[in-house]
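Pasting the structures in now, so scroll down.
The two complexes that follow have chain A in common; it is paired with chain B in the first and with chain C in the second.
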Partner chain A sequence: MEVYLFYIVATIAVCTGVYLIFEKNPVFSALYLIQTMVCIAVLYILLEAQFIAAVQMIVYAGAIMVLFLFVIMLLNLNIGQEKKDALPYQKIPAILIGIALFAVLCIVLKSKLLQGKQGEYTTAYINNVGNTKLLGNLLFTDYLLPFEITSVLLFVAAIGAIMLAKRKI
Partner chain B sequence: MINASIMTFNILNILPILVLAGFGMIVLVTDVLSSRKWVNRNILAYISLIGIIIAAVLTRSSTGTTLFSFNESFVTDNYSLFFNFIFLLCAGLTILISHNYIKREDINYGEYYALILFSTIGMMLMASGADLLNIYIGLEVMSISIYILTGFKRSKLISNEASLKYFLLGAFATGFLLYGISLTYGTTGAINLKQIASFIAEKGGMSDPLMVIGMGLLIVGLGFKVASVPFHAWVPDVYEGAPTPVTAFMSVGPKAAGFAAFLRIFLTAFGSSHLEWQKIIYILAILTMTLGNVSALSQTNIKRMLAYSSIAHAGYLLIALVSANDMGVSATLFYVLAYIFMNIGAFAIIIVLSRKGDECIQINDYAGLGFKHPLLAIAMTLFMLSMAGVPPMAGFVGKFYIFSAAIKSGYIGLAIIAVINSVISVYYYLRITVIMYMKEPAREFVPLTISPLMVAAIVISVVGTLQLGIFPSKVMEIAQRSILMMR
Partner chain C sequence: MITITHYLVLSAILFTLGVIGVLIRRNAIVIFMCVELMLNAVNLSFVAFAHYLNSMQGQLFVFFTMTVAAAEAAVGLAIIVALFRNKETVNIDDMNIMKW
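== the complex of A and B ==
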């Protein structure tokens, strides 16, 4: 059952991803991106990472995509206008690099067993303790410092937004 | 149920970072007060300087120890403390040279100083991070602060363009870095540098091609931050467009932080398989030096020239990384310190000569400076000679140590190429000196207004350049005691 669900969702994710790139209308692109994000959230659930799935839905599919749509609508792009390719020379290198990165992914999938150490958090353990609880526990013990420094990062970003957008110069 | 691991939670170790963060907040609050005319806005610079001095004293007080804290993800050793000292010096000198400039350019906001302090936090985290996560977050804090600082002259189109360019390319490079980190994590199962090292040692080298790809992507991400050659395209435009003190700051700070992380990751985590990455860095070093120096030859804008020169200096520092021995590490520390003095000093002179609305950054604008303002010209000559590597300046000693480290590791060819590059660079550094003394002034020099803070910055830079050049042994001794102890 899970396997079939995976194949269905993964196919939808890939298709919407492709549509996202080839769609001419930016609003439709953004909507396709939301679909891709939702599909990825389902994949997280299949991996038993419910918390990350919820975050994916709320933050990416919700907040960020609404912001995307707002920006697209505010910019009022001319929809349907055929634009000339501004960077024609980039096409071939971009395709080559894309193929190279795809090859890397294929290597990962082919090797199947990653060599890394097995983590201490098995699925049974996670289900026993609870996804959110375990994550919160780790964030406030082992990863306390990066977690707290992220607040500085967000603070700096807020300063930047206010400084560059709001302040009268 | 949850076995709450006993944290090696030691807040004293991150005290300098906390002090800087606290002072960053104080600066922001004082800025708000000053907009109500309750306090004078001029004290913002002094508040920031006090914060930096307190952080430096705290850094000084914990030397000689190697402490791991926060689940072994943060390390306080002589290596990180030396780098912390370098970052604080860099931030302090930048604030000294900024004070007058940002008042003149009408960008005198508290955010400016706060962002310098916050980006210093990021750099300190990069130097002290003992796992890839901390290094990454430090890099982000540093980079985002500097993206904003680059675009600080919002009314100037060139500043906006520089900021956007730096931000987009920087975000792209960060993507590479993260991909590298995730591949490393996937193959080794660890983000802690020591654990990665022990995993690789267990496996007997880099058997997995994915691990090699991950390492290569890490080189791309960090190579962008230190401005090494295939990833250098942003440097000239961003350096030219940014406000001049910010250019001074970002030509030294992020570079030093990038090398701090570079050395830490590659000598500890990938130390046992150094034969693999040395080849890559070897080629990068040659390309970086040569392209930087050759491109600098034809520049007519002094900020762009110094941008290419900073690429070349990144190349010299890469040599120290290639040699991958203790001497290379201590030479890097020494060289970065010397580079701070001479580079920020040179930018200080550029700021002194510039005026509102007239940056005065064409090399020909310096014609006749030697007669009009002899002291400034002497200082500029000192900095240029030091960057060219002429004895008895700091730059010479730094290069000497780096080239000896390369020879000690058997990279004689690399050392010869570096010396040839060094000779090429003499041309464009000396050209400025020649123009200052030998050419008739092309324009009027208006009377200069030099603030006491600016004088302090130039004097510190001159003294530092000479001190490190004439009596290098004491600093070198400290640098030798600061080599990586994590191995």
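== the complex of A and C ==
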């Protein structure tokens, strides 16, 4: 069951990723990206990361992509704007370089470099205590400093966005 | 049986799609969305490693990556809106004032 679900969801994710690249209309690109993110959220649930899946749906598919769609509609882009391509001969080498990158990544995956030490959080333990509770515990004990720095980062980003959106720069 | 390699190969495919999109597209917003796709691909491999190595650190890093991605989206889209106000376009071929 899980195997079929993985293959179906992975196929949808890859297809929507391809559509995202080759779609002319930016609104449809954004909608395909939302579909990809939903597929990745399903994969997170398969990997027993329920909290991350919920955050993926709420923050990525909900907040960030709505921001993207909002900006696309605000800017009122013409669909045919990409017709005048200054570097049309860039496409084929770009795809070849992408395939080469994928080959390099597969070689790394085939090698034995990706071996790690087994941790203490087994699936039974996580299911017993609860995924969200464990994450919260770690976030407010071992990772307290990064967590606080994150708040400063968000604050700076909010100020930066407001400054950049002002009429006169 | 789904192994970690399945998830890592899927993650590699999505990352490669993002790279190709950044290279071949000319619309700044679509390029930005491809960057988000690459971030998602890396997050997927983080969670896959966390699950198969019985660890929690991968999920925490995904949490921080999402925060950084949210900040990046806000600032980046503000920059794109500011550029559109000045240039009336989001085509990156027209944004070459720093070239010479």
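By definition in this document, the second predicted complex is superposed on the first by the 139 of 169 C-alpha atoms of A that agree within 3 Å, B and C clash if a C-alpha of one lies under 4 Å from a C-alpha of the other, contacts with A are read in each partner's own complex, and residues count from 1 in each chain.
Here is the rule we use: a residue touches a chain if its C-beta (ideal position, glycine included) is under 8 Å from a C-beta of that chain, and two chains touch if they have at least 3 such contacts.
Since this is a predicted model, take the numbers as computed values, not measurements.
Q: One more residue to check, A:I95. First (chain B), second (chain C), both or neither?
A: The second partner, chain C, only.
Q: If you tally the residues of chain A touched by each partner, is the higher count for chain B or for chain C?
A: Residues of chain A touched, chain B against chain C: more for C.
Q: Mind working out whether A:L145 is in touch with chain B, chain C, both or neither, as first, second, both or neither?
A: It touches chain B, and chain C stays clear.
Q: If we overlay the two complexes on their shared chain A, which of chain B and chain C does A:M73 touch? Say first, second, both or neither.
A: neither
Q: Now for A:I8: first (chain B), second (chain C), both, or neither, which partner does it touch?
A: The answer is neither, since A:I8 touches no partner chain.
Q: Quick one: classify A:K133 as touching chain B (first), chain C (second), both or neither.
A: A:K133 contacts chain B only, not chain C.
Q: Of the partners chain B and chain C, which touch A:E120 in the superposed model: first, second, both, neither?
A: second
Q: Do chain B and chain C touch any of the same residues on chain A, and if so, which?
A: In the superposed arrangement, which is not itself an observed complex, chain A uses residues 114, 116-119, 134, 143, 146, 150, 153, 156-157, 160, 162, 164, 169 for both chain B and chain C.
Q: Touching chain A in the complex: which residues of chain B?
A: Chain B residues touching chain A: 1-2, 4-5, 7, 9, 14, 21, 28, 70-71, 73-74, 106-107, 109, 111, 114-115, 118-119, 121-122, 125, 133-134, 137-138, 140-141, 144-145, 147-148, 151-152, 154-155, 163, 185-190, 199, 203, 207-210, 213.
Q: Residues of chain C touching chain A in their complex?
A: Within the complex, chain C touches chain A at residues 1-2, 5-10, 12-21, 23-27, 29-30, 32-34, 36-37, 40, 43-44, 47-51, 53-57, 59-60, 62-64, 66-75, 77-82, 84, 89-91, 93.
Q: Under the stated contact criterion, what part of chain A meets chain B in this complex?
A: 104, 107-108, 111, 114-119, 128-129, 133-134, 137, 141-146, 149-150, 152-153, 155-157, 159-160, 162-164, 167, 169
Q: Inside the complex, what are the residues of chain A that reach chain C?
A: Checking each residue of chain A against chain C gives 2-3, 6, 10, 13-14, 17-18, 20-21, 26, 29-30, 33, 36-37, 40, 43-44, 46-49, 51-52, 55-56, 59-60, 63-64, 67-68, 71-72, 74-75, 77, 81-82, 84-87, 90-91, 94-95, 97-99, 101-102, 105-106, 109, 114, 116-123, 126, 131, 134-135, 138-139, 143, 146, 150, 153-154, 156-158, 160-162, 164-165, 169.
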